[in-house]
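The following pair of complexes shares a single chain, chain A, combined with chain B in the former and chain C in the latter.
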Partner chain A sequence: MSSTWVIAQKELLDLRRDRLFAVLIAFLAVATLISVGVAAASFRTQLDAYNLYVQQLAASGSTTVPAAPQLFPLQLLRGGVEYLEILGALFAIVLGYGTVAKEKYRGTLQLLLSRPVGRFAIPAGKVLGLAVVWFIVVALLTVTTTVAILVIGNAPLQGIDIARILIAAVVAWLYLLFWSALAIGITALSHRLSTGLIVAIVVWLVFVLIIPQIGDTMDPDNQVPGGLFATLQIQKPDELKVLANFAVFDSIRNGLEVSSITKHFERLSFAFLGIKDKYNQQPLGLVWADMWGYAITLAAAILASVTFAVGFTTRRNLQRKIS
Partner chain B sequence: MLTTRRARTAHLLLFVFIGMIIASSIIGWVTNRTVTGVYEKVVADGLTTAPNPFAGVTPLYYLRNAVIYVVLIGSLMAIVLGVQATLRDRKAATTDLVLSRPVGSVSRLLGQLAGLGVVLAASIGISFFVSWVIISVINGAPLGWADTGRVIGFALLSWVLLTTFALLGMLTGLRSKQETTALLVPFVIWSAVAFVLPQIGTAARPVSLLNPVPAVSSTGGYFDIVSMVTGPVSMTEQFKTASSIILQDTAVTGNAAFSILILVGVLAVMMVIVAATPRSRMRSGLNE
Partner chain C sequence: MTKSAIATDNLSKSYGSGVALDALSLAVGIGEVFGLLGHNGAGKTTTVNVLTTLLEPTRGNAEVAGHSVTADAMGVRAAIGYLPENVQFYDNLTLMENLRFFARLSGLRRPDQRIHDVLRILDFEGHDRQRVGTFSKGMRQRVGIAQAILHSPSVLFLDEPTSGLDPEGVRTLRETIVRLNAEFGMTIFMNTHLLSEVTKTCTSIGILRNGKLVHQDTLARTLADFPGEESLEEIYFRLESGHVS
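Presenting the complex of A and B:
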C-alpha cells in the first residue's frame, strides 16, 4: 500500500507541474462557466420577451396574463454537465495516457521498475493519483459553478439544491475516473504509445459522440423541429399507445443509447439535478428509485475499467513499449 | 500517401469514418420508414388529419446525418493525419535528409499537404460513392444528375473542411515540442470551434450541436450581437449550414455562398500559415 501511495503522490506532483494539465482544466472551467452564463442570458432573453408580450397585451386592453417563464437554478448546469460528458471524458483520456507515456518519454520507466514495488503498485498508484486529481478538479468545478449560479445566474439555491449538486459531482468524478483508467489500460496494452492515445480517442468518439448521436437520430420524435407528435398534435397517452406498436425499433434505439456509459452518466446527472422535466423538483428518494439501475451500471463500469487498467499495466507490457 | 498507407493506427479512424458515412444512409432510411409507419398508424387511428411531415422529402434526406459524421469523425481523423504527417518527419529526422536535396521548405510542406489532400479525397470519394449507391437502391432508381451534383458538392465541401483540420494538425505537429501536445492542442481548438463558439452565439447546448442541422440563434439583444461575431468563425456550423442547403434539407433556408466563402477563406489562410513555417522549425526535434 505504501509504494502505491508513493506513486500516487508522484502523479500528483507531476500533474501539479504540468502546464498542459493546467490549460486543459482551465479550458474545461471556462467552457462550464460560459455555459452557465449563456443559459442565464437565454433565460433573461425569454423573460424580456415575456414582459414585452404582457405589456402589449395590457396595451391592447386584454386582461389575460400568460404564465411567466420559471427559472429552475439547477437547470443552468445542463451545458456544464454536457461539457463534462464530452470534453471532460476527452481530457480524462489524455491524462490517463499521459501517466503512462511520460515514464517512457522521460526515461523514468526503467528507474521505476528497478525499485522493489509490488505487481500492482504502479498501475494502482497511477489510478489512485488520478482519482485524487479528478476529485480536486471536480470539487473546484462544483464550487465555481455553484458560485456562477448565484452570481451570474442570480438564482437562489436551497439546501436540497446543494445536495443535488453534490450527488451530480460524485457521479461526474466516477465518470471521469472511468475514462482515465480506461486510457491507462489501453495505452499499457498498445505497442506504440501514440497508438494507445488514438485507440482511446476512437473509443471516446464511438461511445461519447457516435452511439448517443445515432440513438437521438433514430428517435421518431426528433425527426421534426419541435417534435413529431407535437407537430401532429398527438397527446402523450396516444403517443405511448402508437409507439407500443414499434416496440422492437424503440428497444434497439434505447439499447444503443444505454450501451454507452455516457448516457448512464447523463441520465443520472439530469435526473438528480432535475434537468429532465420528469424529475424536476421531485424528492431525491423518488429519483433514486428510478435511477438506481444506472448507478449500479456506472459503478460496475468503473470497477471494470480500474480492473482493466491495473490488470494490464504489467511490467512486461510497459517494457515492450516504443515511442 | 505512402506513409499514410503504412500508418495502421490512422486506418482505424479512416475505417470508422468511411463506415459511419455509409451507415448514415441506412440509419436515415430505417428511421424514415419507422416514422412513416408511425404516421400511418396515427392516421389509421384517426388521431390526426395533419399532412405527413415527410411527404415529398428528397432522396438526399438519407444523407443528412453524414454532415455530422464529417464534423465529428472526419475532422478528428484529418487532425490525426495532419499531426502524424509532420511529426513523423521530426521524430525520424527525415526532414534533414529531404531538405538536403534541392527542395524548398514550401514545396516540401505543400507536397505533404497534397498527399494528405489525396488521402482525404479518396476517403470521402469512397464513402460518398457507396452512399450514392445505397440511396439509389433505396430510391429504386439511380439518383438524377441534379441530386448527384449535390452529393458531389457536399463531398467537395467536406474535403475543404477536412483539409483545413488536416492543416491545423500539420501546424501543431510542426510547432509542438511534445507528441501529446501536438495531438491535444488541435483537439482543444476543434472542441472550441465545434461546441463553445456556437454555444456563445446561439445558446445551443453542447449535445444539441451534435445535430446535423445548424443551431438557430436565440433572438435577443445579447445573442444578436454576439452571434454576429461568433457566427462567421464557427466553422463547423457554417459547414452544417452550407451542407444542409446543398442537400436541400427543408429545416435550413438561405444562401450557402457566404458559408462556403468562409470555409474556403479559412482553408486559404491555413495554407499560407503552414507554408510559412521556417526551415529551422521543420528541422527541430521533439523535447521527449
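Presenting the complex of A and C:
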C-alpha cells in the first residue's frame, strides 16, 4: 500500500468523524434539496396560473388554447448548481485548508514528517483523500437531487437526462477538487495558518463572487428581469444586430466572466443540464461542440491547482514553525 | 565516521544570524542510552530535529544508523523511531487507527499483530477502540512510544519524554526506556531536563551550551571524574557553566 493512499485513507477516516464536515455537507444537501423544491413549487404556480387562465378563456367562450408552460426537469437543478458554485467552493476551501492546518496546529506534522514517505506523498495523499471525499459527496448529492426531481418535482426523467446529470456531477466534482487543492497549496505556502485561510477566501471572493457578479451586471439579459431584449420584445436576429454595435463591450464582459473558473463550471453545467435555454433539449454532441473549450480550460485549471498543491506543499513549507 | 549508532561531524544549524548548533561533533555507540542535557535554548531540540531529518543542517553532516541525514534522509527515517515533545495524535481516530496509520507509513503491510505485540510490551492493552482524543497525557506518551517502536527501529529519539508527566508516568516511562534498551538493544537518544532520570536511565551523556557540546562521556566516567560532587546536578552545573578545573 503506497504512502499516498495510506495518507488519503487517514484523511477519509478523519473527515468521516469531523463534526464540522458533517454540518457543512448536511447544509449543502439541504440547501440543494430546498432549491429543487422551490423550483418545483414555482413551476406548479405557473401551471396553476395557466390552468386558471385557460378556464377563464373557456368561460368567456373563447376556443383559443394558449401553449402550456413546459416543465424541463433538469432546469429544477439551477439553484443546486448555484449553491455548489458558491457555497460548495467555500466549503472546499475550508476542507482543503483544514487538511494542512490541522496537521500544523494539533502537532501531528512532526510525526508525519519523521516517517519514510516520499517527497510528494503527503500533499498527494491529502489531494487524493479530498478527491475521494468530494466524489462521495457529489455522488450523494446527485442521487438525492435526482430523487428530489422525481418525488418533489414529480417530473419523469429519461435516460439522456440521467446522462446529463452525470456529466454535470463530474464537472461539479472537478470544480470542488480545484478549490480544495488550491486551498492546500495556499495554506502550505503561508507563514501563518490564518493568512492561508484569508488568502484562500479572498481568491474565492474575487473569482466566485466579484468577477462573475461584474460580468452578470454587464449582461443585458440581467439588466431587467426576464432580459432586456425579451422585455422590449426584440427578436433574436434584431438583438444580435444591436449587440454587434457593442462588440467591444461584450468582449470585455465575456472576457471578465471566463477569467473565473466559476463561470466555466456554471456555463458547462447550465449547458449540459439544459438550464441555458440555448442548449435545452439539444443533443449532447451539439452541446459538447460548443462547450469543449470550457471543459478543456476547467481540466487545465484543475491540473494546475493539483500541481500547485503537490508542488508547494513541501517539507520546508510545512515545517516553517518547527525550529 | 565510526560505526556508531549516531555520529555527527561539525554539525551546525543557523537561523538567519542566530546559531542554534555550532560545529557539533559527537558519537553515540550502538546500544547506548544517551542523554543530551542543556538549558532551554541550548540547541537540544534542534539537534534532535536535525538527526531525525526534520531540519536540514546548515553545515556538517551526521550519520544515524549508518545513513547520512543529508544524503540519505529516507534511510534515516526508516531506521529511527521518534517521540516529539508534547506528542499529539489524530484525536478523531482510535488508538488502533492511529498506530495502524503510522505503522503503514513506516512500511508495515499488515501491522495489526505487531501493534498488539507492542501494546503488550508497553502494558497498554485494552484501549484499541478508544479515541486518542480521550487519552491523558501519560497515555498519549505511551502511544507515542508505541508509534515510535512499531517498525523496530535501531535508534529511538525521545525529545523531553517526561515533560508534563506525573511521577507515576515518569517512572513508567523510565522503566519502558530501560526495557527497550535491555531487551531489544535499541540505541536511545533523549533530551531531558530531569537529571534524576538521566542518572537512572542513561549510559552516557552530553552537555550542550549555546549550541556547543561542552562535555561528552559515559555517565560512570563523568561521575568518577568529579568525586567531590554530590550529584549529577552539581556536575552538570559545573560543566554547563564552564567552571571545570
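Basically, the second predicted complex is superposed on the first by the 310 of 323 C-alpha atoms of A that agree within 3 Å, B and C clash if a C-alpha of one lies under 4 Å from a C-alpha of the other, contacts with A are read in each partner's own complex, and residues count from 1 in each chain.
Here, a contact is a pair of C-beta atoms (placed from the backbone, for glycine too) under 8 Å apart; a residue touches a chain by one contact, two chains touch by 3 or more.
Everything quoted here is computed from the prediction, not taken from an experiment.
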item: Touching partner for A:L166 - first (chain B), second (chain C), both, neither; value: neither
item: Touched partner set for A:V38, first chain B, second chain C, both or neither; value: first
item: Partner chain(s) touched by A:A295 [first = chain B, second = chain C, both, neither]; value: neither
item: Touch count on chain A, higher of chain B and chain C; value: B
item: Touched partner set for A:M218, first chain B, second chain C, both or neither; value: first
item: Partner chain in contact with A:V258 - chain B first, chain C second, else both or neither; value: neither
item: First (chain B), second (chain C), both or neither touched by A:V6; value: second
item: Partner chain(s) touched by A:R17 [first = chain B, second = chain C, both, neither]; value: second
item: First, second, both or neither for A:Q319, with chain B first and chain C second; value: second
item: Which superposed partner A:Q110 touches (first chain B, second chain C, both, neither); value: second
item: Contacts on chain A seen with chain B and repeated with chain C across the two complexes; value: 106, 323
item: Chain B residues touching chain A - in the complex, by the definition given at the top; value: 9-10, 12-13, 16, 20, 27-28, 30-32, 34-35, 37-39, 41-42, 45, 47-48, 50, 53-54, 65, 68-69, 72-73, 76, 80, 84, 178-181, 183-184, 187-188, 191-192, 195-196, 199-200, 203, 205-207, 210-211, 213, 218-223, 251, 288
item: Sites on chain A touched by chain B in the complex; value: 20, 23-24, 27, 31, 34-35, 38-39, 41-42, 44-45, 48-49, 78-79, 82-83, 85-87, 90, 94, 97-98, 101, 105-106, 192-195, 197-199, 201-202, 205-206, 209-210, 212-214, 216-218, 220, 223-225, 228, 231-234, 238, 241-243, 245-246, 249, 266, 323
item: Residues of chain C touching chain A in the complex; value: 15, 20, 45-46, 49, 52-55, 74-75, 77-78, 80, 82, 84, 86-93, 97, 101-102, 104-107, 109, 147
item: List of chain A residues in touch with chain C within their complex; value: 1, 3, 6-7, 9-10, 13-14, 17-18, 106-108, 110-118, 319, 322-323
